[in-house]
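One structure, as structure tokens, below. Some questions next.
Chain naming follows the written order as A, B, C and D, and within any one chain the residues start at number 1.
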């Protein structure tokens, strides 16, 4: 069982699925010869050829739209958007089409496709290279949103995403791409979409996070007995696991790096306020990015929720 | 003081602002000769000529992008998107540019512009003609989101939006366009952005809504003593008014027609759960559209929160 | 600026049948009499559908409807060139194409009455659902053509759209990709001179839409869109080219929207009656009738019979459509995704129980 | 298909200065010796900036940086044709344009080190901030040109972008609008043959990018982008045409990206060293030096002096940039909107007090 980082794990998932299923294709900008700007698709061109690893013109809407067309025809395209900040140009294709084709045709046609994109802060890149725009896509019926937090779950979740009969947005936290290595089986395994992972169990407080925030959350909860939940799938999210934990601990802290207002944390807090309020001892706290645009390198660390801010929130909620 | 419907009130606001300020232009599809598909810009072409009432090619991204360019140059364009379902094609321009220009240039350039668009259900139109996608835009720092609920406030809010130094998305509930008439002064008045309106005061429960849901909310609360809050501006929303009311009543119900998950109601509920939880007697309830795509004419009424569903929620919360 | 020329291009126009009913025999596609008769029937059936739909709308029996009046030849002529197994990506004004492809007429009425179930293409027909958002379906046709190529299938792909769509970014991105990969796709634009109130000349400064293909390195051609033979011929050749690896073709059918944009529109606000009258003289059905009469393919009796038969077909279709029980409210949760989420299922149950 | 021709088009290419340093005198724009010398200085300064930026990046003193190596003539030549009062909409690879327009160099280093404040154009210069999202700034230039027209100003507007950008939908929508309104805007494309790893030939099947202008009904021209005189001349004429109501022009500067895409890229993964070496022989600075030497405008000593002076300017700029204290954390809340919301203000205060 090889140990690999998240880039390698995702690469492995693509490789295995492509080998197994000739309907699976990879399309995107610089995914071929270059192997992707993060090298996630490295080697695929050599292994599967230019018909299955397709370098596309610089046209995000066209890329997603073409993936929709491929999926309608019966293929299972995996489209890469080079950075999440460039997915906005394909918003219309995702929401008006990918997410609605099954509905519009009453099941006659569907869009089994994955959109992969590097996501989130922490690489000190230019503007629009560090976006965490997950919440937009969680407000779209018809599409799933998945965020892995490590190499092992990245592979298992991506395989499930590729096999899913409906469109899946797969958000890869760039900060985690090469941060840790884990044992990642090169035999087949899948992780179910829509199921959260309990990272750590405890009785006093529930902390909910995903992607690159997990690592900070785990540090922040050290002094406490906390349930740490890694959602992994944001849409549909694992309500049961969240509510069960909150009903047990009576305290909830939500952590994400996106701007606070209307971030996905709002939905979590709202769900808790609707379904578990009688169990709560105190307010549902959100530790998030501020309501600003992700700043450039010099300030990005001040923007991101750090261990300190998360710890403070837990300190605060523990006073109830 | 003429009585007018919302279409006329908006028309009046445009007319007055254009007469007063030669920086104000109207651009969009069919806004000229045709006067807009809802006749909102009727007569403006005749009064101000084709340089200020500009029929644009069928290109939503180009329309918003051109408005950005005009605003950067010092004009105050009011761009119309023909239906909210077609705003998705300009999502990138709105979020990557209009909302960021001031930030990106550190205040050297800014985008005083308005995007008007008919919004919401209730006119039995084809697919994508009945979208209520407000929540997306409330997650965007740098842009305001306004929803009028009647002719009088439509005029006052639109004038404020046009004069605002930053971009404003102005969502016009199509169902209300011709539903009621109100006295609308043809002299100048403005309503401040970011300030909610208390439609009705009461002690037992707070019901928060906006746009076309208000009318149903007012009917639904009849048997109760309720605070009914019309947010009018969703971003930034009037936290104080919301929290003050909820702290008083201890019960909160949020009503909107957009899909529930990650709708703007989530942010409201989360804010209440964060800032006023100790005052709450029961859960924060959301009565919303279901997590599906707005269905066509035959089913749209089943999709929309009706008076019954809203009343049920109030009945339920009153049991606490 | 004195410089050297590095490229030259030409754009051509194809016309076969003029409005007096004369056909250019050198250009005439090889069609049996039975084909010509069938084309005529389809044209009349399309127009009859359209007339009935406008009436039904006025009576409140269907919703907003976009008339195809004047565009029948562009739709029937192109669809007649298609194989059943081809993949068709329509916009929202394609009744004539649906009819020529053999789509069940009751479904069309059902759809326009506001029931999504009207968009379930029968198995064996690869007609994608109506795309309301102008031009945004073009990349889907391109993606499907990539899939056809990948699968080494013989199918061709066709996308239908209007002159207004040619301004959308997705038109450009789709065309760029189609050209770059030389894909088996035909882009069929019905330039009906108007995008709601926007006349073609103000939509783009290009003299023809056909020349837009030059930007993408493939062929663009203008055809008389009221000439069912020219449309048929251009489409058939483009489809053959596509199937033989010759890459995409952009066909601009030069035609006219004789009616309002939709039943919600009032075209008198923005265009002259004279313009409309002028175009009425170029009616695609009239000129085919003239040709058929000259060739002894159509008597006065034939004409009446074709029209009566069309009326019967449409009557039956309306009856069938209106006998379908309305969808249950839970229909909106079905076919949203393969497996509804826990929350969606809860909502569906809640809806049935009239919960919050 | 035998049809009649309804339109013909030609695309031209402008070259003046060849890589041996010979200029076509008939095409040579009227430039004083001092202009030629100034152009040379700007080219050298641009390259010197670029070299230093690459070094600083390696030392970790600035972030990701996109080199302009090889494209200096396209940038300096075009910017030299601009008036200070013109409006410039750059993409992200425009250092040479900034330098030729007189943008403060320390600000550029500040920006590339990850400090937004480097994008505050001095009053009097209408250079918009770097647009990272490829091609999406094109409609802004178009809107500004609409405003120029509306204000009856003499300003012209120019948008800079690359070959890759020509595939984006916003390129199309912007060009469509610019053509439809005959706006005073110049589209300057640096076709440097690569969009990261995507070669120009696979970006689009069009033989030239210049011909894409045909789709929009205005002029497109290809120029040798390594020829500062051709670029200057084409831009100046296009700007004059714009100012005189002649509408938009699309200029394709045919050039080459001699370096990696950015400092994060490794171009050896996808292109051959031979290709790069071949293009090095077309270096835009070398050929200008040859011409100047032939004309007695440049001695070996002059060359050294220009380079030394450039190094000094860059040294000073780096020093100044690095002496600027880093932004305070509240900078991210300032200039977000004119008046921060209550929530934003609370967050800013909270941040200062290290609250949640």
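Simple rule for what comes next: a residue touches a chain if its C-beta (ideal position, glycine included) is under 8 Å from a C-beta of that chain, and two chains touch if they have at least 3 such contacts.
Since we're looking at a predicted model, the values are computed, not measured.
In the absence of chain D, grouping the other chains by touching gives one piece. Common neighbours of chain B and chain D, listed by label, are A, C. Seen from the Cα centre of chain A, the chain whose own Cα centre is farthest off is C.
If you average the CA atoms of chain C and of chain D, the two centres end up 43 Å from each other.
If you average the CA atoms of chain A and of chain C, the two centres end up 40 Å from each other. Note on chain placement: the centre of chain A and the centre of chain B lie 30 Å apart, centres being C-alpha means. Look at where the CA atoms of chain B average out and do the same for chain C: the two points lie 36 Å apart.
Residues of chain D in contact with at least two other chains: 116, 130, 133, 136, 167-170, 172-173, 176, 180, 202-204, 336, 341, 343-344. Residue positions of chain A with contacts to 2 or more other chains are 57, 59, 61-62, 85, 88-89, 92, 96, 103-104, 127-128, 141-142, 261, 285, 291-293. Under the stated contact rule, the graph of chain-to-chain touches is complete, every pair of chains being in contact.
Chain contact summary for the complex, chain C toward chain A: residues 87, 89, 116-117, 119-121, 128-131, 133, 136-151, 169-170, 172-174, 176-177, 180, 334-338, 341-344.
Taken in their complex, chain A has these residues touching chain D: 29-30, 32-35, 37, 55, 57-62, 85-86, 88-89, 124-129, 260-261, 285, 287, 290-293, 295-300, 302-303, 308-309, 312-313, 316.
Residues of chain D that touch chain A in their complex: 63-64, 92, 113-116, 130, 132-136, 164-165, 167-170, 195-198, 202-204, 264-265, 269-270, 326-327, 329, 331-333, 336, 341, 343-344, 347-348, 351, 354-356. For chain B in complex with chain D, the residues that touch the partner chain are 25, 51-52, 54, 56-57, 59, 61-62, 64-75, 77, 92-93, 96-97, 101-110, 141-142, 144, 165-166, 194, 236, 239-240. Considering their complex, residues 85, 88-89, 91-92, 95-96, 99-100, 103-104, 127-128, 133, 135-136, 138-139, 141-142, 235, 258-259, 261-270, 272-275, 277-278, 280, 282-286, 291-293 of chain A touch chain B.
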